[in-house]
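Submitted below is the structure of interest, expressed as structure tokens.
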Amino acid sequence: MTTEISTPTLEERLDRFYAELEGNDLVPLWQVSGQLMRSAPVPSTIPYLWRWSTLRRLAEMAGELITIERGGDRRVLSLANPGLQGAPFASSTLWGAVQYLGPRESAPGHRHTPAAIRFVMEGEGVWTTVNGDACDMRAGDLVLTPSWCWHDHNNASDQPMIWFDGLDLPTVNALDAVFFQPYEPDELQPVLGHGISERIWGGRALVPAGMDPTVNGHASPLLVYRWADTDAALDALLAERPGPLVTISYTHPVNGGPALPTMACEMHRLVPGRRSRPYRKVGSSVYVVFRGAGSSIIDGQRFDWSQGDMFVVPSWSTLEHEAIERSDLFAISDRPILEALHLFRDELFDQAQVVHRVFSAKGDA
Amino acid sequence: MTTEISTPTLEERLDRFYAELEGNDLVPLWQVSGQLMRSAPVPSTIPYLWRWSTLRRLAEMAGELITIERGGDRRVLSLANPGLQGAPFASSTLWGAVQYLGPRESAPGHRHTPAAIRFVMEGEGVWTTVNGDACDMRAGDLVLTPSWCWHDHNNASDQPMIWFDGLDLPTVNALDAVFFQPYEPDELQPVLGHGISERIWGGRALVPAGMDPTVNGHASPLLVYRWADTDAALDALLAERPGPLVTISYTHPVNGGPALPTMACEMHRLVPGRRSRPYRKVGSSVYVVFRGAGSSIIDGQRFDWSQGDMFVVPSWSTLEHEAIERSDLFAISDRPILEALHLFRDELFDQAQVVHRVFSAKGDA
Amino acid sequence: MTTEISTPTLEERLDRFYAELEGNDLVPLWQVSGQLMRSAPVPSTIPYLWRWSTLRRLAEMAGELITIERGGDRRVLSLANPGLQGAPFASSTLWGAVQYLGPRESAPGHRHTPAAIRFVMEGEGVWTTVNGDACDMRAGDLVLTPSWCWHDHNNASDQPMIWFDGLDLPTVNALDAVFFQPYEPDELQPVLGHGISERIWGGRALVPAGMDPTVNGHASPLLVYRWADTDAALDALLAERPGPLVTISYTHPVNGGPALPTMACEMHRLVPGRRSRPYRKVGSSVYVVFRGAGSSIIDGQRFDWSQGDMFVVPSWSTLEHEAIERSDLFAISDRPILEALHLFRDELFDQAQVVHRVFSAKGDA
Amino acid sequence: MTTEISTPTLEERLDRFYAELEGNDLVPLWQVSGQLMRSAPVPSTIPYLWRWSTLRRLAEMAGELITIERGGDRRVLSLANPGLQGAPFASSTLWGAVQYLGPRESAPGHRHTPAAIRFVMEGEGVWTTVNGDACDMRAGDLVLTPSWCWHDHNNASDQPMIWFDGLDLPTVNALDAVFFQPYEPDELQPVLGHGISERIWGGRALVPAGMDPTVNGHASPLLVYRWADTDAALDALLAERPGPLVTISYTHPVNGGPALPTMACEMHRLVPGRRSRPYRKVGSSVYVVFRGAGSSIIDGQRFDWSQGDMFVVPSWSTLEHEAIERSDLFAISDRPILEALHLFRDELFDQAQVVHRVFSAKGDA
């Protein structure tokens, strides 16, 4: 009697091999390297714009419908980039949102390792208390709530207030480094004073001896940047450098680095009449139109914007701005992270180098 | 005729509100904040171990089956953490893999922004050329291929060779910062010499004047760390500090930072007889058992290991080691990233503080 | 006949030995170590005070007598500490002086590696041009002329002006690092504008993108610090911290270090009624009384001062201040040098710890 | 009766003015600025050489004549640069000396803020204990006694030993920052072990986790640099770079800076046959000929040297070397000070650029 042993074909052997890899939690690089290693970044984040009229309407609706019991202690609507499959992130690395605080309401205290900024679109009468320092919020002001600092928001006025929230949350989350703690047992921290950090750390290159610049860890000890100062700095810079675009960075007053070690904050002033030079960089940005009107072209796609609109620029996308009136664009980005890891690159083009068909963005944008 | 206008119920209004949010690419924070903001990190990465016997067998099978045409110019089997839904990543931030290079074969040149290390498990006769410097690879050696440095691998011997590959790829990918370039037009770079970096930068705190320490950007100019030196350093450290665990970091010889700005490399020597103190830190690690046998307890789950095994420790998982013979564990981690962003935390416990039921890991591990 | 060879005595041998050392340019440590190695610093610099009435009278006399031909292009009277054997230095490390510029006069341009500051006691109408930037000088302003920056002084008014000059010259000289160059062929640099650095670098923690913060090397890119800002910062600090003494440091707006890498500039505000806590530090200071009246006790020696007076505090001397009216003391010190070399130490005492007989200073002081 | 009032002449008024300045401790800049501000450094330090035969003979004489009672616990002969008017300093910023320790003798413990190095010319059997770590001294070794570290020297052999002492004392003294403390009550510190720092910090870019790199403040935690390592590093560097001159810096193993924050230590290897390119830098150096023979040309003045000779190169002097056999020159310099204060400059010339008459040095040199 003979036993026939059939020799497996190469195809069979390969099938078995790949099955065994999968069964042993191994992935063959040669089947995924094309996806993983592209010649330049291919972000999932897409260029996108949210209209202020929509944001405001829905934020007000939240104010009406979302009571404290339903989650109303943080009425935040998060920009969810359509490229990110439903994740509540404006880009792969940045959180952007509008927050609505009703008249006489407070958002209770907590702290977390993700760092946040608040940029005030309009209104006044609200303050954010950060480690006991009540930071009054008015249009154009930037308020920091650095990593692991206690913070709550308080509206002492009879008007609701809406502002922009920016966080490094997607990155801190990707690094499995999120810690969170509610303030207890009270809802709100005691207020030690208003504007303390401004008085101590808000000088013009004047630093008080004997005060600790690390009160907020590696973040800026200055918690508020006032619009009047930003406005004046932009004017002065425009006097030295013609437009169409000048940029001011909000910095740490003692080490000159970014106000937050994980998130850059900038204000761009655009002068109408000339398109800014095409520019791209590694890392994404979220823009908030503080004042003005115009459009931005992101990888050839035109987004028209006016006051209050918010839009996202993905990593390595080419960006051009064109204002139709003098405009101020506030922006956050992940640039400090990329610089800290020595992964930052950027390129500034001449207009002629970037020849692309400009088309209008679809949908709401 | 009368028209009846039905007032919508609150439920209907809420439904409509949530539908409108979704239709406008907005997510209500109050429905996701519980997931996003946890009191401590809750990684998707799970503790996991791959056996050397399996890794080696499948690597050899790849050597046999995967010809150049089928992707055999980089025969890499990537550790795919079961918690990461099929992604070819050992942890949320780290790539770990085994690479197989057949006798007389070469892996062609390329460069990419993710940084890589090679840790040699066994064998000799292979070198990795990095920017023209041929780095000979022998058991226990660590070879760097820093971000954006040209590199290829060459086996001049009649034996295949297998080594461990570690990369920061998941993080660079999450930051949309991956760039890649094949070496052209030849497959391999010209070799300027063997061991150049060792001769120039391998002194004991002796640095040559007039040589540029930034040849590899912010990574170490020293590309190879020899086992004999690591072994001697571990012995000397054990002479000063009793075990059960001593650790040596591979560093940048000129700035004392980590050898790579995005990935820490360490060698741990374990002495049998005593369990190491429980320890946890933010950020994940991949361990490679270079020599010895023992077990590691990760969040109470015991993983027995012996030579060649590889295992993953997720962020904030409590880790204890217990060797049954003198053992050397090589490890990579994302610690430099967390430190650069000021998100690093760690805790060392006394044995008694960590009371958990130790159970054996399931499956292959 | 016998020849007697006399064996030298020990004394003779020692004499011969010491003579031979001297003849070979060698010094026996054991004869000088007592002088060189003291338990704490024993400076040659002595505490000393110059009266404004004297300084002003002699500066005006210089204005009258010292024509351009006689050296009148830099009518500077240098404080010569009586402990320093005629050297024109206020302390072993600092230069202090009054400079007089007549109506419609200019002090021609030059540059040098020693860095200088100008602190304006009174008057206006003069500017110092630094690398083309005309810095207007008014009472209470601080103007920098950093190392190796071109500078000249110009009086466009019909009044003479007197200010305080501070330099790190003694230290740069001790290090054999003085370079000097006259501006040529014209006497004065072209003026590119007035207050350029203030507009660009004078923001409150707001930094312009794309401008080079190293225009003045390692010194501050901001060249002028205005009295109104200093005054406001002192007031704000006093609101947070009760006196009797608060201190503001003039800093580099981008790196937070001292305005000049070799010389610290500070303004101290004293509130009457309480003596400041005794304090000593390594390194010397020169004080200029901008406003007010009071006294300072240096190693127990009392110096009464009023507006315009200047005094020197040697290294490691214990210093106490006591104002009889609200007073502002401007000061320069060598502290950045001592810190850069890790030689800085200081001590703050409780009043009771320092029991010394306070006696009045002799002579003019 | 008429009273005649004689109007003083201008000369009389000037005389009176200058007298009044002097009487008020003021110096007119215009009479000293020519001395103070020269176009380039004009050091008092002169180029000078001390012969080993002389140094050794006088050191041995000191061993014989200078008993403990006469100061023999530190038998140090200090190089006194003839340009420095009798001061016991090799240059304006550096101390250089030979120290003699007799058989079975000890030099008692003390500490001081000036930092010191010991470079061993010949012999063995002596150790310097630094903060409890006994550092064995053999020919070619460099031993550090950093600022404010306890140290004593011990000769356990039956032979005397002579070595080179280098200190930053002149600079620390000029800054009025010298502190000194004798070890008490015993003469010698307890020895915790031999070569501790070498075992912990002597790895090749391998750093032990959990050990404090700031044990010696800002100085290197590694206290000894062995000749075998220096020799190997010089050989390896020569293999990469042809001579006539290669240089190795002794560095801090963790921050890559100089071994001491105030004093650079270097070893230069010269290959015969070609003169090194003319070079000058701000700051002075003291050279010690460890091995070989040749000559150095300092500002055109030739100094022939052989083993053991010591010579001084002043600030900004042009230096060329020409070996007649393979030679190793150890050198200390003040370069870290000048770099920390941003006062460092240097220039490397082509041979043809420096046309000067080379003349032989006078006297002993």
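Letters A, B, C and D mark the chains in the order given here, with residues in each chain numbered from 1 onward.
To be clear about the criterion, contacts are C-beta pairs under 8 Å (C-beta built on N, C-alpha and C of every residue); 3 or more make two chains touch, one makes a residue touch a chain.
As the structure is a computational prediction, the values presented were derived from the model and not from experiment.
The chain with its Cα centroid farthest from the Cα centroid of chain A is D. Chain centres here are Cα means. That of chain A falls 29 Å from that of chain B.
One inter-chain figure worth recording: chain A and chain D are separated by 54 Å, centre to centre, where each centre is the mean of the chain's CA atoms.
Note on chain placement: the centre of chain B and the centre of chain D lie 46 Å apart, centres being C-alpha means. Residue positions of chain A touching 2 or more other chains: there are none.
Contact between chains, per the stated criterion, is found for A-B, A-C, B-D, C-D. Contacts from chain D toward chain B in the complex involve residues 196, 199-211, 213, 220, 222, 225-226, 229-230, 232-233, 236-237, 239-241, 246-256, 259, 266. Residue ranges on chain A touching chain B, taken from their complex, read 10, 13-14, 17, 20-21, 24-33, 36-43, 45, 48, 50, 54-55, 58, 61-62, 65-66, 70-82, 86, 88, 92-93, 97, 110, 112-114, 147, 169, 171-181, 217-218, 261-262, 282-284, 314-316, 334, 337-338, 340-343, 345, 364.
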